[in-house]
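Labels A, B, C, D and E are assigned to the chains in the order they are written; within every chain, residues are numbered from 1.
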Amino acid sequence: EMKIGILVPTTGSEATYGQDMANAVDLAIAEINAAGGVLGEQLSSVVGDDGCDPQQAVNAASKLASSDVTGIVGGYCSGATVPTLKIFGDANIPFVIAAANSTKLIPANPGNAFMINSTGNDQVAKAIEYFTANGVSSLAIVNQGDAYSQDLADLTKKNWEEAGNTVPAFEVANKGEQDYSAIVTAIRSANPDAVFWTAYYADGGLLIRQLRQAGYQGKIAVGDGSNSPELFNIAGSAADGVVGFSNPTAEFLPEAKAFIADYTEANGSAPGPYAPLAYDGMHLLAKAIETAGSTDAEAINAALAASDYTGIAGQITFTPENTLARSNFVVLQGKGGAWTLAE
Amino acid sequence: MAQPRSNAFNNIIAQFNEPWKRYTAFAVIIALLLIAPISLGPYATVILTNALLYVVLALGLNVVVGYAGLLDLGYAAFFAVGAYTVGILTHTFGLNFWVTLPVAVGAAVVAGIVIGTPTLRLRSDYLAIVTLGFGEIVRFTARNLDITGGASGISGIQQPWLFGWHINTPFEFYYVFVVLAILAVIVSVRLQNSRLGRAWLYVRHDEDAAEAMGIDTVRVKLAAYVIGAIFGAIAGAFFAVNLGAISPESFSFQQSVLILMAVILGGMGKIPGVILGAFIVVLAPELLRDMGEFRLLLFAVGLLLVMLFRPSGIWPVRGK
Amino acid sequence: MSVLDIFLQQLVNGLVLGSFYALVALGYTMIFGVVKLLNFAHGDIYMVGGFVGFLILSVIAPIVGPGWTGVAISMVVAMIAVGFLGVVIQRVAYQPMLNAPRLSILITALAVSLVLQNGVLTLTHGQYQPMGADLGFGGINLGLLFISHNQMILVGTAAALMIGLELFVSRTQYGRAMRAISIDKDMCRLMGINVTAVIAVTFFVGSALAAAAGTMAGAYYGSVWYFMGFLIGIKAFTAAVIGGIGSIPGAMLGGLILGLLEAFGTQIPGIGSEWKDVFSFSVLILVLVLKPTGLLGKSEQERM
Amino acid sequence: MSNPLLELAGVNLSFAGNTVLDNVDFTVGRGVIASLIGPNGAGKTSLFNCITGFYKPQSGSIKVDGHELMNLKPHKVTQAGIARTFQNVRLFQQMTVLENVMSGSHCRSKAGAVSAILGLPSQRREEAMIRAHAIECLEFVGIADEMDRDATNLAYGHQRRVEIARALATRPKLLLLDEPAAGLNAGEKQGLLELIGRIRDELDISVLLIEHDTGMVMKISEHINVLDHGVMIAEGTPKQVQANPKVIEAYLGQEDGEDLL
Amino acid sequence: MLQLEGVTAGYGRIVALNGIDLKVETGAMVTLLGANGAGKTTTLKTISGLVRATGGRVLFEGEDITQTPAHEIARRGLVHVPEGRHVLRGLSVRENLELGAFTVKDPALRAKRMKEVFGLFPVLEKRQHGDGSLLSGGEQQMLAIGRALMHGPRLLLLDEPSMGLAPKLVIETMQIVKRLHEAGTTILLVEQNARLALKLADYGYVLEGGHIRMQGEAATLRADKSIVQAYLGE
């Protein structure tokens, strides 16, 4: 029997997404086992809960690292994933990072981590492309002061300004703050063509709602931390027309029909935004082990680096920095309380 | 007070009143600490390392809260000062860790004096909010500045060398923290039994009477503050090189609260109690790891029950 | 927007936010005033208030509609229910600790806070619950300045509750008894004051006010979640201290000041919203250094 | 009195417009036992608080051995050689009698954090010295047997003695006692009288006493000052004061007062 | 009016009262004497409900109040002025007095009593807006007695009212006690100053180590020099 570690938050505010990813990995494992396992061995999983908190992530990662696992799939919160890189690096365990995509992960990677979600750089490129095409020249950026959203906000600002545009308002909100009126006023007084929220859906929903309530009429865009359908619950009708940059979620992936059905059957609910990536990540890892022909970490790492695998979320090949070679970002748009493809 | 309810534990502790029994107990504990990683494996080693880190932090906060009676809700700030000083100086400026360590201590002393001098005259509840505010100011500043790496913090901090030995693996760090914790205990014990240690108690029990006895209460309180800050900064420095990555999230209000919890849960002012408290706040959530969603709920309920049954902390009040 | 527009708009924002802070700070201060306890669970009482309001509204919305009537009814029910919860918490968790070292009670309060937070977390799986109130988007437009009806109703309700409390406390012997109890419980008993009852009433009223704020916040911001009480708990504590902890008018003043500080702090030229908390905490420290017992707190002289 | 030990001149103290001490001049000689008496609220305790730095008089001068004490913090005053007890006993709770008394030596010793952490020999010697001195003080007041008990668990009369021992441990030149006999029974009062006498005779410490037990005051004092409404209305030997009509009027009352009942 | 039957009480393991029998008739003034630590204060606390009796019964106006909560007992008109004044810090003199009349609902009656108290203790009127705890020791004692009078007591328990008072004030305070008694208030007085107490009271009890050692008409006790010597150290 071969063990696979899953590093995701299963408690705390991000628990739903973590659980969702864990379920997807388990689904993949079930399929692999049904098909005879890897190197003739059956797979099993161990979950490490990082709680989306760096300290807890270190504990969880150490637990996984000492549980005799062959590889790890997971990583949702960038802030919690960064300090685990050294642990898995020291223990020399291959780590497929399924969701976390801050560019700060790249320099901290000791070489055994592989990011299969497009990074912030790709997202910024997509965002700028979209804004430019839609006549936006002044952009307000709002982040939440955590590793992921600050990184995305900084990158956007830098590239946006280099492209000759302006950022008349660059704001930070604290997680869990319910009242955004002061920021809304600051944005309204700067009167930008668009507002870009780079953080998670929960607070994003509140911001969108309050922006619209206060009469802001420009465009509103959100990053891939807000691609959850929950956004519409929180923002209500104010989220109509909101644009989101995201990896394609399951319903927009033509190859994912079977996955959606299987997942829903196994878990009683539809897969969330990062389930497809987690599912692909597991299959990718299994393939790499198979290719390596042994559980030797160096061999698996080499196999991962050389992967060319097409999963339900598209093709996975890596850059020399172990990041996804292509950009997987698409533009979504809120319509009638759900995301639709904008392009 | 509500002590008689749990006499069994008191009785066990009372067994160790004789010095030779106590020293034997110490020896056994230290021996257990030394062999723990070998028998428990790497995961337990990391968790124990973390527990030892909290021992140092809690003993430091204990000087401030337990000895001098100053309620500090922002202790993580000093922890942060130590971690960031080392992080910035080694990572960004490439200095040797051992050179940056005294700088970190110096920075903590300065921070302690800067925040302590104007505010130590405040009554304890007001001091609580000032320290909370100070802690948040430090965290927000770390989050907003470039030199501190913003919200992502600093990663890739190099592990130190000691006489040609690269302290690198979790096991090695474990032993480093064993040494730190033992030093922290020794320093705490010596301080507690010193003139300064008694002065803290006097100030804590009756400030006016202490003044009347010729004790410069402001100075004595400041000393507690600064010494607490030094403990925190040293813990922070080693925390930074151990993890290799630091970020503002590690120095939040919740962190301060957790350390305070360790101090009070075990028994404020009592060194074995504080150590016990530190182990509990680190180990309990880990032991409950398999409870999934219910983990923190169970921890909270447990905490509540402990406080209700042992209002003065788990460790018994000194027997007379 | 002209500078004046911005100023006025931030003033309105600050008042609304400050009203929430003040309502929660009141409970903080009342409870501190009576049992000298920094009730760290108070923010979570606010959160539970939001959830109770949410539950009631989901039940009654089909009957009375999701407008202000529904919200008002939910708020009143939430106030009563959470008021009792406050009393129960006091009885179960704090009463047995009244003679324990003060810091121990602080940890008990933290434990209660964690229990409430993680209890709701477990029940809701950490999900936001949309409140489903429909309060409309109407308001008055004064040039670029916009004040919604909701904001007016909210500030009005908060003010009414606070004035009611102030009258209750100053017009009845209760206010004096409240202060007296914190000083010398035995002496109060000898004067015929039912100490347990006064403490219970204090927890009831303090918790009810937090529940009112929680329900209003849920309706106004549109959703509730298990962690919504954490930050406001810290902010309310701060507000109570700025005003002078133990002082009821102080809590109101402190809440408003903190709300305004945060609103204006967001827009200080040169430094942006990321520094607003540094700004307000610095003001807090400055206030305390200059006036060690808060703005309206009485300095406590002690005789030798 | 030439070259007095304590000398107050023109001390004024008021709180929010309430005059508590009105231009008080007052001296205590060397090697004497003196008393300060006066009606309740006259300002006696306030005067002690001014001397020891707890209250800041609006004007005046307070000198001990020629050193100005005005505007010194209380701990500096203690270092300058004045020790006190409190009207309501204020011992350090949950600390033993010995630990309580050791607090008095703080201002006569100097070891700091560093020497304590390193356990330097000088620090150890000093610790032994502090302890020995505290025990000496306890022996002097006669309660050395109780030294390991929790101070606040002692009988009231013994608590008062601990307070005196603690004050003696600061090695004062002048000891201020605020109503030391309040709440003591007749036997304990007698013991206290003897103790005060020995403090002066054997330790050569001057004593200034506030006390309402006139019997005791008259028996022990060599010099008495009478304060009324913040004004010094009389001073002199017990005999002189006892006969002074102003004092009778303001403080003592008719000698046959009891018969009015 | 008040009767104690075999009352025992203590603090944790310490037994302070060891079967006390005591009786106060309506309209009487009874004094309770004894050396330090004899249990006088504990007796009063047990009567007023601050300390729970571990055995025996306390009857007030024929009703068993052994288990009645302290505030209930106070409401019935049994008012205890505790040892050490217990002036409420941070509250003004006036507020302290107002609180004394906590159970009096009629504002006119409260005002009337306030006037009476100010008549007895003019200092209190002068300082009515100041913080009660900043009064001098003697002034605080007056406030404590005044506060009890605000309540309109039927039975007044006084614990060492003369402690810390100037000689002249001792007499004055005792005169007030006497007047209250003459006006019909029943009084149980604890005093260190045995001579004075026995002079005022009708009946006396002498307490030692938690037992009643002696009792009798005040005049008889006063006459017995040996008693005064042995138990009261005068």
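For this structure, a couple of remarks:
What we mean here is this: a contact is a pair of C-beta atoms (placed from the backbone, for glycine too) under 8 Å apart; a residue touches a chain by one contact, two chains touch by 3 or more.
According to UniProt, the chain labels map to these proteins: B, C = Branched-chain amino acid ABC transporter permease; D, E = ABC transporter ATP-binding protein.
Owing to the predicted nature of the structure, the values given are computational and were not obtained by experimental measurement.
Seen from the C-alpha centroid of chain E, the farthest chain centroid is that of A. A comparison of the D-E and B-C interfaces places the larger number of contacting C-beta pairs at B-C.
Each chain gets one centre point, the mean of its Cα atoms, and the points for chain A and chain D are 73 Å apart. If you average the Cα atoms of chain B and of chain C, the two centres end up 32 Å apart. Rounded to whole angstrom units, the spacing between the C-alpha centres of chain A and chain E is 75.
Averaging Cα coordinates per chain places chain A and chain C 36 Å apart. Residue positions 121, 125, 274, 277, 300, 302-304 of chain C are each in touch with at least two other chains.
Residue positions of chain A with contacts to 2 or more other chains are 11, 15, 145, 172. Looking at chain D, residues 45, 54, 86-87 sit in touch with two or more other chains. Across the complex, chain B is touched by residues 52-54, 73-75, 78-79, 83-84, 86, 90-95, 99, 102-104, 106-109, 111-113, 116-117, 119, 123, 126-127, 130, 148-150, 166, 170 of chain D. Of all residues in chain C, those touching chain B in their complex are 32, 38, 93, 96-97, 99-101, 103-104, 106-108, 110-112, 114-115, 117-119, 121-122, 125, 234, 237-238, 241, 245, 274-275, 277-278, 281-282, 284-285, 288-289, 292-294, 300, 302, 304. Against chain B, the residues of chain A that register as touching in their complex are 10-11, 15, 49, 53-55, 58-59, 62-63, 65-67, 78-79, 82-83, 85-86, 90-91, 102, 104, 107-108, 145-147, 149-151, 154, 172.
By the touch criterion given at the top, residues 187, 190-191, 193-199, 201-202, 205-206, 208-217, 223, 227, 320 of chain B touch chain D in their complex.
Contact residues of chain B toward chain A in the complex are 41-47, 50, 143-144, 150-153, 155-156, 168-170, 243-245, 247, 249-250, 286, 289, 292-293, 295-296.
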